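Shared between the two complexes below is subunit A, which has subunit B as its partner in the first and subunit C in the second.
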Partner chain A sequence: MTVLILTCEQDVTADMVVAELDGNGVPVVRLDPADLPGPVALSGEYVRGGFHGHLSAGGRLVSMSGLRSVWVRRPGAPASNAAEPSDWLTEESAQALYGMLRSTDARWMNHPDAARRARHKPWQLSLAQRCGLPVPATLITTFPQAARDFADRFPDLVVKPVSGAHPQEPPRAVPTSRVAPDTDFAAVAFGPTLLQRRVVKRADIRLTCVGDQLFAARKPVAPDADPDEVDVRFATSDALWQPVDTPSSVAAGVRSYLREARLAFGAFDFAEDAEGMWWFLECNQSGQFGFVQIESGQRIAAAVADWLAAPVAPTAPGALPNGGRAWAMEGH
Partner chain B sequence: MTVLILTCEQDVTADMVVAELDGNGVPVVRLDPADLPGPVALSGEYVRGGFHGHLSAGGRLVSMSGLRSVWVRRPGAPASNAAEPSDWLTEESAQALYGMLRSTDARWMNHPDAARRARHKPWQLSLAQRCGLPVPATLITTFPQAARDFADRFPDLVVKPVSGAHPQEPPRAVPTSRVAPDTDFAAVAFGPTLLQRRVVKRADIRLTCVGDQLFAARKPVAPDADPDEVDVRFATSDALWQPVDTPSSVAAGVRSYLREARLAFGAFDFAEDAEGMWWFLECNQSGQFGFVQIESGQRIAAAVADWLAAPVAPTAPGALPNGGRAWAMEGH
Partner chain C sequence: MRPFALNYARPAQQLEVSVPYAYDSRLQLNVLPDGRLAAHDYAVLRELGSTTSTAGSKTHFDD
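Our next item is the complex of A and B:
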């Protein structure tokens, strides 16, 4: 049984996982959907009530029924490397590839439907609340007056995108920023705006979850740090990510979150306040983990490889096989 | 409790359903996400572990928790009517609107995840097979030799898109066409190609499913019809769609299909062969039904209105509430 990794050519994080799989003698096919059609080819036949499909990449031919798991890591858009790319060819190639893969019994990290749903920030906030994770007071609005009322109640606010990265090529991360006290909020009418009570934090927490394995890392905020540097991705800091224990209530909350979200992988960001409380900021279903592993020494790539290689369904969240009726996606 | 209809302004099919709902005294809010932000506005607050959201459209304000159901009929892209539209604003607005709606307990026709999955033709074919619906022998391939071998075994073939409508603006339906006997298939390497044994049909069948209600209509093929006119959407015919009974095995198959696909609505196309067998061609989760209702007299719009207005979850496929854990999306 083969592990299929969908990612682009330059992906050192995938390299780390492939090395683990190779070391364990697990067959791997790695391909970029951008190379379909061309270097990547496929064929599927529906005859006499049954389906038989094959994928070909890098001179290797693998049966769709021989796929153990699919890791949707950082795939290019299908057919984007074609000699004559077009939206139409991308759509045809995407439907052919993912339509066939969706018909297999392979386990997904993460399933495309679960991944897409998990990107919705408003949905994330509701789910985190339901799972008992503390969420800073948040408003998403196009009503200027609602924003003004919210700022009266919570004067120290940050603003961040509703959707995540700016969809330019390559995607650009939009930093979270503090809201100035004299902000008028009239512009809120021109685009949904996410306002959140600023957590006065003493550390950032990155909690990387692989199946039921949790890897928490902590980066302390320097005592003399600029309070306007609210976004750890853009802050200047000499501190390193260091392993830290996950409080049991947080562990229960994130496991519940991943189970409800049907995610096999999730990278949670928390802000730790002065009392040690971890405040949920977001869960990135395709979050990077290479930088954490390098600084913290946590063996995250090995955990990903183990999950992908697991011969039978472990009890981990999102780790159910999606054959038959076993892979269930909950609502919301 | 209010029914929310997401569709564009010019939509006579939605008009038919709104008239039914109005006649039954069911509150309706109809809006086009293209008008967000602007004529459509939203606000959602996450405070003290709870979520409270509102939508405003056409001078009406509705609470997210007061939504009974959401009909995703023919919505425009969010923010596409904005004064300064952009991909970024569309993404922000889409995440805000659908992210909040996904957090409600409203029932969906159809849920966005189920709808997206249901568009994959290869997945449709596998699911139809598993549900016991007869599927004509089909090949989807980028291997020219696989296409040649298939054509040897099934000399009378049609070719059709893998993905459906051509993604131009407005979308253009690509007709199903017969494959000439001397076709070389070398071009298959440049794009996934769907080849299917041509069913020599004596009628087209449109089976519209609303919850557990089935509306089958039949249009006979004229005895002197051009055998090259394989696509009913493009064929010249004086025949009308007429109601017909659904064979019990087909009824069981489509109900199983909708349940597995978590669809509350589906429009199935079948080809009826000389022996009366219905061959599955596809299931369009957003298929039109106005033209069938007008010719056949079947009360499909009323059935849609009844489904949307249902106060509690009926036992229909896809009709489970998505509150709590009740709305379950199966795998594949």
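Our next item is the complex of A and C:
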């Protein structure tokens, strides 16, 4: 049984997992959907009440019935490397590839439907609340007056993108940023704006979850750090990510979150306040973890490899065909 | 007419740096010029930021 990894060639974090799988003797096929059609090829037929499909990449041929798991890591858009790319060809290729993969019994990390839903930050905040994770007061609005009222109630605010995406024309990054007390909120009318009470943090927490295994890492904020440096991705700190125990209430909350979200993998960001409370910021359903492993020594890639390599459970009578069962975190 | 959040935008870091490794389709791994696996050279990965959160990435926003 083979592990299928959908990612781009430059993805060295995926390399960490491929190396683990290789070391364990687990067959792997790695491909980038961007290379379909061309270097990546597929075929599937639905005859006599059954489905039989094959994938080919890099000289490897694998039967879709021989897939034990699919890891959706950093795949390119299907057909984006085609000789004559087009939106139509991308849609055709996406439907063919992902449609056939949905026809298998493979386990997903993460299933595309779950991944799509999990990217919505407003939904994340709601789910985190339902799971008992502390969420800083947050407003998402296009009403300038609502923003002003919120700022009156919570004078120390940050702003961040609702989607987490960054504008590309021209390429810019929109880090989480402090909002000055005298800010003019008129421009809130020109785009949905996410305002959140700033957590005065003494550390950032990255909690990487693989199945039900939790890898919490902590990066302390220096006492003399610039209070305007809110976003750890842009901070100039020399501190390293170090392993830390996960409070039992947080562990229960994130496990509930992953179960509800039908995610097999999630990288949670928390801000630790002066009292030691972890405030939920977001859950990245395909978040990076290599940088945490490198600094903390936590064996996250090995855990991902173990999850992907777990045997496919036989389909129980009456079980959901494909999707539902594939999302579940069996084996851990 | 600029959305409020874009008042806080800054130029994206250009991540198009050249890397000292190349993808080997036979191994399905990136390999350094001396034949070692890039994934095992933490010093290189850390220096390049190859595995960090991809703030400003063109194609992915799963940081």
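What we mean here is this: the second predicted complex is superposed on the first by the 305 of 332 C-alpha atoms of A that agree within 3 Å, B and C clash if a C-alpha of one lies under 4 Å from a C-alpha of the other, contacts with A are read in each partner's own complex, and residues count from 1 in each chain.
Note that a contact is a pair of C-beta atoms (placed from the backbone, for glycine too) under 8 Å apart; a residue touches a chain by one contact, two chains touch by 3 or more.
All figures in this text were calculated on a predicted structure; none of them were measured in a lab.
Contact with subunit B, but none with subunit C, is seen for A:D113 once the two complexes are overlaid on the shared chain.
Judged by the touch definition given at the top, the superposed model places A:S93 against subunit B, while subunit C stays out of reach.
Between subunit B and subunit C, more residues of subunit A are touched by B. Once chain A of one complex is fitted onto chain A of the other, the partner contacts of A:F190 extend to both subunit B and subunit C. In the superposition on chain A, A:G44 makes contact with subunit B only, while subunit C stays out of contact range. Residue contacts after overlaying the shared chain place A:N24 against neither subunit B nor subunit C.
In the superposed model, A:K160 lies in contact with subunit C only, and not with subunit B. By the touch criterion stated above, A:L139 is placed in contact with subunit B alone, subunit C being left untouched.
For the contact definition in use here, the residues of subunit A common to its subunit B contact set and its subunit C contact set are 119, 161-164, 166-168, 190-192. Of all residues in subunit A, those touching subunit C in their complex are 9-10, 12-13, 15-16, 18-19, 28-30, 58-59, 74, 76-77, 119, 147, 159-168, 170-175, 177, 185, 187-188, 190-194, 231, 233-234, 284-291, 293-295. Subunit C meets subunit A in the complex at residues 1-14, 19, 21, 23, 25-26, 28-30, 37-40, 42, 45-46, 49-63. Touching subunit A in their complex are the following residues of subunit B: 36-38, 41-51, 56, 79, 82-84, 87-89, 91-100, 102-103, 111, 113, 116-117, 119-127, 129, 135, 137-143, 146, 150, 161-164, 166-167, 189-192, 260, 321-332.
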